[in-house]
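We call the chains A, B, C, D, E, F, G, H, I, J, K and L, going by the order they appear; numbering starts again at 1 in every chain.
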């Protein structure tokens, strides 16, 4: 039976772009939940700085989630961002239980960002042929997440001798 | 070993209030994910109205999640809002797969709100003795969720003959 | 026949909270109409100060009216704020005809606030058992109206010798 | 005895303009109370849309009430907007008791707007000779209320075959 | 020689509307200078209230001055608002030298407003035939100045016995 | 068959006011398209000044278009602002093809404003008897367009010797 | 003779990008006029929702028109957005005469968006080689218009069985 | 002799609530002075973070001081927040002389918050019977101060092994 | 008899600072009236630029007038800014009658600014010994007026060969 | 041992400027506490006006306190604004116990402002040689406090006969 | 030794993208310094227009500088924007010494923009293979700079005959 | 040949003030470039705090640069802020190449601020006789830079034993 929302993409393009977008929705929701989890559970001398920076990450992740999910709908593909889907399909690296030292939080966030960016990069390649509009959106998200990756990594980096 | 954050509550009070708060964190995150899922997947003649109203619900759920999680930390209890925890422990009613008709969305939201409110009401009773500050926060959340429950139910209600 | 909006309260709780809320709706609308009437008809050396302060009272009364009426709907009770209902059921003290001297206006406002607060206080007691959410809202209104009562009374008060 | 506020109008002009303004004050207050009553008691599939549109009507009616009442004072005439005066003298069409279906609400609002506009139109004629400043204000109000009348009627209108 | 700015009005209409506008420019500038003078020189128990209200009058007078002067230019008539022109041609009632008691200030402002309004009223009559656009602007100014006249007079008015 | 939106005007009044409003909608849309065309195609030493001033004209024309079209609907008359209608019925003076020198742009805008104002003036006369509300709106538009006409003409005016 | 604005593109690139941009200017102006036409003439139960959504479309179309026209100028190509050009060259689907039922409006808007998007998609392909800056702008516009297309189509979509 | 401001509380209730409020005024003023003192005198690697966080504490303390003092007046009790009263009666823990290392500042703030919260908690118990409005305000203050207590303590906390 | 407002300055200091401030009030009011006169009467190719720049001068002159007049009151000296005083005592250079070419306006403004600045400079010297607070205010005004002087002069300046 | 913050001032300059700044911190904190005390305890016919004006004084005093304290730190001097220091060292005139009549409040504020200004004036003299940056800040504070002194004194001043 | 910030790009991609970004940082800083230099030193009849337009260019250049420099860090490359680096490596065209006529300024800005755009265009080509995220950012900057190039060139352009 | 912008200063005063201002322009531009360089290249545990604080320094330096350069023009002196001038003439202390540890950044900023302040202090002395307006501006800049110097130094300071 026909899908309710039509698209200018052909079936194959729609499948490729749709998969990229659905996967990104899941990754970004997980990233926002992990960042909030860290926002609440971080302790240590850099508490305030890390606590605030995590909310900037949450804001970014939430806004991108909405863009990506609505891009999926725009090409006729239903996005799935329910808790169980996120729990099963996320490519993020996860986050430990209970209170966490600030240094451990920074490491965990760098690792999660790296994992999500890696998937995003491969989806940018995948969508080049399928849908330039989708690709452009993923490029914009990569730009911001790679900027955040630098900012988090900068906190644990040292000047090479 | 001693917990990192101390509290003016005694151990029993802390346990009761902590359980109420941790449970509410999970319910509210799930509510926000369900509302976003509906926001993207709703179709039908009332699309625009329902689509917009769902974002008001998301906003409310997210703000309350933060208040409740930070109340948990304030009494020395670590909140857990990770995807897998939410997927396993939520008392919300859930949401169907794929595109959903607007009328089905309204019904599902009414049902989810009712489930979350019911748990909230029992936690308001439970925390009366344990911690008035926690109880007051839960009362404020109930006030808003019950208002939203009316607004959603009003869309499917009919005047009694 | 079933009421269109359901509630988590039982029938008795709903009746008590509903009565308190419906009565408060009427009182607050009357208070806002009286304050506007005074706002237009006050004359005398303190005209500007009284004229401006009355609009702050109007703003407060209108906002609380909306909260209280929507709390009634949230527990499944229809509020009634029509002119004839207000004219017949208000517990406010009323306001004289035509132009009024500023001192007379102040006295009238103090008296009206006192009357409305007295009813509010008894409704706070009445709803303790019936519905903590309703009670909490009435407490918040009392806090603001008692603050305004002081501010108006302060204008006619003298330092005890 | 002399009235407290003097006017550049002669006695007859003042009487005509004063009557028009006092009548309009009453009608507009009633309109705002009816719109609020509808705002709270509406149910049905178009709940959200109607609920929001009613508050725009409330805002318009309240702002015009203030302008009109203060125009009365500016020409030395005391306005009367107390609940009992409104209940007795309003030319609005009124509003039913309890919960109301959205379609019934729309009909009632169209009817009330039509009634208030009709009176306003006759007052615009009446004040032409008496006071151009008053007339200009009533014209501005008619412009907005007739716009709102169209918007409400448009919801029940059908394209002629 | 031809005037630099052309107008849709004929010569007679332009003369009548132009005179009304040029006269109003002068009156409003004087009103704004008098109100500022009073704003600085008022003393007495109602200092703060009067001081603040005078700036509202200044703001109104300045905004209307600009509208009226630019209406003159729009019909091809050069406005003149220089100090010496204002000093010679204003129809305002003037303001005394040095510090002034608040009660004296209120009386002076009421008198100045009355004088300016009287001229405005006769200009509204004069421009009816000449230019409805100019007349409409003068009506709007009269509406605001008569409102301010009431507010100032209300401070010295007493309720008739 | 009955029109979908009713009006307090009689048939003849509705026809006169409706024609005036429909004609003004067309003229104002054309004015906004011409101003945008000039905004993009102007070159020359006063580029920046003219480029910016044109957007103020666009803003004014667009806002008035909306007011006028919604006034038509408010009296039960359907407005027509489609491209082909505008192309065929506009009374504006038009605008040349391709890049235009700033001085040529100023002349063209003065000419277009003059043409639209002339039609507006005759519609103000025509609607006096038919509908004061419509007339008042046209007067307000004439006030602003005549102000803009002066501002544009001032750029090419010279002081008479 | 030399064009007044130079470009970093060669002649062929300029021709291709210029054609794409000039065509898009025309389509977007027509889209904004059609959406405004619908905004005024829609009637039916979803009036308010459709009326508001149309203004969001107008806003988007107007902003993109400006970007695209100024991109044309930036590469030395004069854009043409005059009424007659739009009437003759638009690739939009058009809009019927007079009052329109809300369901008919939704269908018409979906059809117009689809037509404009189809042309945009082919222009994105065409400009890939000619000018990446122009292409990037068209991709961004496609992203938004396809999002709006989904939102409008969602109102008439049904869940597949 | 009669007190100038009357209250709906009886004498005993007024005494209990009054004492709680007067004591809280003193504690909160001291807290704000201590936080400002720390804001100026902190030095060390976390200077910026601590310096900024202290101003958030100052803002909170000042806003609560005003609420609490005006609640005292609202029940007819004169608050006393003069420097000497604060110096003698505060239950805060105090702050050392001269420049302070950031770690010492954090410890001092945690200690001062703990002392003020402890008193607040006992006043919440004390006012339960005397005045629910006062109690509700103290609960709200406790909620915020306990949140701040966690945030400050989090900076010196370590994850339990 | 004693002046109503006392001052920390001695009689001689008060006289010197008072004279400087009273003179500056007059000059600045005249400057603002001249700038407004120019704002309305300027014509020529730079109309828009000059028209806008004049309002920035008006704003500056008005704000400084208020500061200076209130500094006079703060040292117990009554300022005089009435039209006749300004007409008689201003040290500004004046402005011609009727429409003025943009180049003539620029010259006139440069001349008026130079005249006012010259007086300001001598008052800065005069108040050095009398009152540093007054001097500091005059220095701040000179800074802004000299900046404006440059901006106006820059329009008629040419690069030295 | 070396002080933690270095300064471009020599030891003697630092001592003089530091003393002036430390003394001013104490005076301004006391002034803000006194103004708040008055804000809460004032009663009488001018309650509202005085109540509001006191908060403007509080705002000014608090902002200056911060500037002055941070100026002390900028020259390497630790400021001391703790309650006991303020209670012992303030040069303000103090404020009576309990409720105060509005006239008594005005007198007390005038007296406190005069005392603080007197000290400020002598510190302006003292810092001339020591540090122009510090002196400039004290001059700015004197300007504002002397303005406030006039505004408060104006309420009790009478026009000399 | 390992660089402190890691990147998803391989070494060759990082080198190409890094070079493009480092070069762009230098060009944009120089562009902003040149535009500021012109902003201060421009004289002539179009002073105001050019002076204001230059600050828009400064704002654009500064924002892009930050984006580009932080993109370099995001891929692990240290940007260098120090004065001496800019002085030595910029590809901008430079700006003359001392006061400059407005026409000379316009020419210089057009030339500088053209030089920077040319380099940007070649870097867009270079980064296509290396890093799409970097390329996308450079495309966005080119879009804005080419728009500004048109706006500046438009001031010296003439319509072809 | 005559300079294009005239000044109220004599030649010697102009030379002294001009030198002070031109030198400050150079120093402040260099300071802003150094702070941006540090903003991008800082790494280490305090990355976020230092990164943010550097942008506050950039903002301050940029605003002061503009004030100082425009003060130079106001006294007829052309400022020079081009990259090569800054590279050659700055009195700032410079900044190292490549990534920098946060502690090294703090030290470098403290050193640069100290160098710029030292020059500013000597210029404040130099301009005392030449131009009080220039001196006042330099004093204001010193106030802010010395405040920033304390804030940066506070991060590396320790409490004396």
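Just so it is clear, a contact is a pair of C-beta atoms (placed from the backbone, for glycine too) under 8 Å apart; a residue touches a chain by one contact, two chains touch by 3 or more.
Predicted model, so just to flag it, every value in this text is computed and none were measured.
In summary, no chain was found to touch both chain D and chain L. Each step here moves to a touching chain, and the least such steps from chain F to chain H number 3.
To find the repeat of A-L among G-K, B-C or C-J, check which pair has over half of the same contact pairs by residue number; it is C-J. On a Cα centroid basis, the chain most remote from chain C in this structure is K. If you compare F-K with B-C, the chain pair joined by more contacting C-beta pairs is B-C. Separation between the centroids of chain F and chain I, computed from CA atoms only, is 41 Å. Centre-to-centre separation between chain D and chain H, using Cα means, comes to 50 Å. Computed centre separation for the pair chain C/chain H is 31 angstrom, with centres defined by C-alpha atoms.
Per-chain CA centroids place chain H at a distance of 24 Å from chain J. The set of chain I residues touching two or more other chains comprises 3-5, 43, 46, 49, 70, 73, 98-99, 136, 154, 157-160. Annotation, chain-chain contacts: A-B, A-G, A-H, A-K, A-L, B-C, B-D, B-G, B-H, C-D, C-E, C-H, C-J, D-E, D-F, D-G, E-F, E-I, E-J, F-G, F-I, F-K, G-K, H-J, H-L, I-J, I-K, I-L, J-L, K-L (touch as defined at the top). On chain A, the positions that touch chain B within their shared complex are 3-5, 29-30, 33-34, 36-37, 40-41, 43, 65-66, 69-70, 72-73, 78-84, 86-88, 90, 94-95, 97-99.
By the touch criterion given at the top, residues 117-118, 121, 124, 136, 139-140, 142-143, 146-147, 149-150, 153-154, 157-161 of chain H touch chain B in their complex.
Partner chain D is touched in their complex by these residues of chain F: 1-8, 70-71, 73-76, 132-133, 136-137. Listed in rising order, the residues of chain F touching chain I in the complex are 46, 49, 52-53, 151, 154-160. Every residue of chain E that touches chain J in the complex is listed here, in rising order: 42-49, 51, 98-101, 104.
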